[in-house]
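Read from first to last, the chains carry the letters A, B, C, D and E; within each, the first residue is number 1.
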């Protein structure tokens, strides 16, 4: 059975990991392994450890704040997640929701859940249905929001 | 036969991979392999995997949005693509079109297609006609737009 | 016995390492090893050395100034700490306090101590109680300040 | 005989490689090898390949545009060139001229040629006369423009 | 005898390497090895080479200009120096003085000399007296200027 690593933070304000695991369970039969770290900059090494220990793919969840320093932390975490992928040759699907992406807590939680679920579907496709992704190539998919759609010529 | 990897995203709003593959088929006989990932930050590891699995070169297509966070994502993806090249010793031709490079959807699609086709020609030259690139050295080539041309002294 | 590396700087204006070591001693029995370097950009290699020499985890303390160049130094140090983790497969808990996070020296010192102590608890959890972190996943923890709490739906 | 790699772009608007090769031929007897790539982000892997294939040093020429995105591309290319050096233990002399460094095309071409020639001299010194560089240490050399000179105390 | 590598640039406008070597000779008996490169982006590979060739520690001196592009170059050089340390497991003490840190050439030269000498003392401590650094932990040391001192509670 394929193994999917799930790593998230105590810093985030919504339990996106739960949403994604729920979605994955509905989509397919995989072994789920979960770890939680304090903040987004702790995600890259935990993702690498899970991939080194046999996970086929990892989902990394984070919810950076809205201040400039938070964007910088997210940037550092993203680079770390890309290195983890380069060193292991496996995908890490980054699921970050920025606090300033919505104007109310309710809206932000809904966005976080929707993005977590849509990215769980991406993980399912990467593992089992890569041809579905190619069918969607260039169609302006947006995880958690309305799709942008293909450009009209 | 030389193998060319093609990796693109479901996020992009135009199927640049199709344009580039069409162009390559007209220019030369190569084996094309295509993968699609969700977003531009997923491109680097997929490019590395294809190079590790025997592709001689990879084209990586992306269409980042116009917001500051999109520029940051593009920056992270670009660094990841450069690492993939350093680790494999092979070229990855990045074909990114930013949503704010044009003022209408029609214009943006035309730019995306033109850039994809011109970079396909670059891939052809890197594989089969490196001397053509040297003839063009310092001549202000611009993929997808009018060339800037050499400086007038 | 588990070994915890502690690395801090002469640049910082508060002895956060002492606070964290005091907290750790109250929480658990671990072997503490301490090194001090001049500034935050010297932290990454010292952290890597300690991890290579057998520490199970490292805490890295720094207090960057408020000027743009200080933020850039902190960014470089953070990236270096992430690389150290990628290369060793072990956690480095970064405990940085920016000088502009408080308006008085007294307040800044209190924040630094509180953050150091809370991150010591994170280290304890990562080593001995990972399930406690997962219980806190998505609950908006903030080390050193009032927690943000989970989003209200 | 020492081997000097020369890598430049079709994007640049002046043939700096030719200037540098001309200068090097006047200064010393080395084997010159030249490759051309599309843009500056393609330079790092080509530099690494040449160093891996036996070049003792590489000169990398680029002429980024004046827009913010061009500065970002130059930043990414520069980091890639630094990685190529770290991985090979050999120097890559980056010769970048930004389009906004001069106000006319004529002036920019003159600057590009002067910088290319002065950096060719740096390559000559690194290979054959390192003691000449140490004599110039801290003297405010500026390749392509008037030297800043040492600080007056 | 311990070996200390010294690497500086022809771009800098003050011979900080000389100041640091003078200070080191007064403090301890070490073998000094010096190399000079054109600019700060050439420092990382030279530092790595010296560490690979047996130096126990390296001091890297640079004096970036005041323009945004100079800050970017300094950022790239700093990251390169951090990588050199990660790859070798040895310290590189970065001694950078920015041209806009002082308002007159005289003041800038004095700052550069003071910083070079104070960092030479840091190198001495890292090699021979690490316990002195720990005594200074969290005391707000500032190389080249008045110390900030510890926070008053």
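Note that contacts are C-beta pairs under 8 Å (C-beta built on N, C-alpha and C of every residue); 3 or more make two chains touch, one makes a residue touch a chain.
On a predicted model such as this, the values are computed, not experimentally measured, just so you know.
Shared contacts of chain B and chain C, meaning chains that touch the two of them, come down to A. Averaging C-alpha coordinates per chain places the centre of chain D 25 Å away from that of chain E. We define each chain's centre as the mean of its Cα atoms; on that basis chain A and chain E are separated by 40 Å.
Each of residues 79, 83 in chain E touches at least two other chains. Ring order, beginning with chain C and continuing to chain E: C, E, D, B, A. Contacts from chain E toward chain D in the complex involve residues 8-18, 34-38, 41-42, 44-46, 48-49, 52, 63, 69, 72-73, 76-77, 79-80, 83-84, 87, 105-106, 108-110, 112. By the touch criterion stated above, chain E contacts chain C in their complex at residues 71, 75, 78-79, 81-83, 85-86, 89-94, 98, 119, 122, 126, 130, 133-134, 136-143, 148-153.
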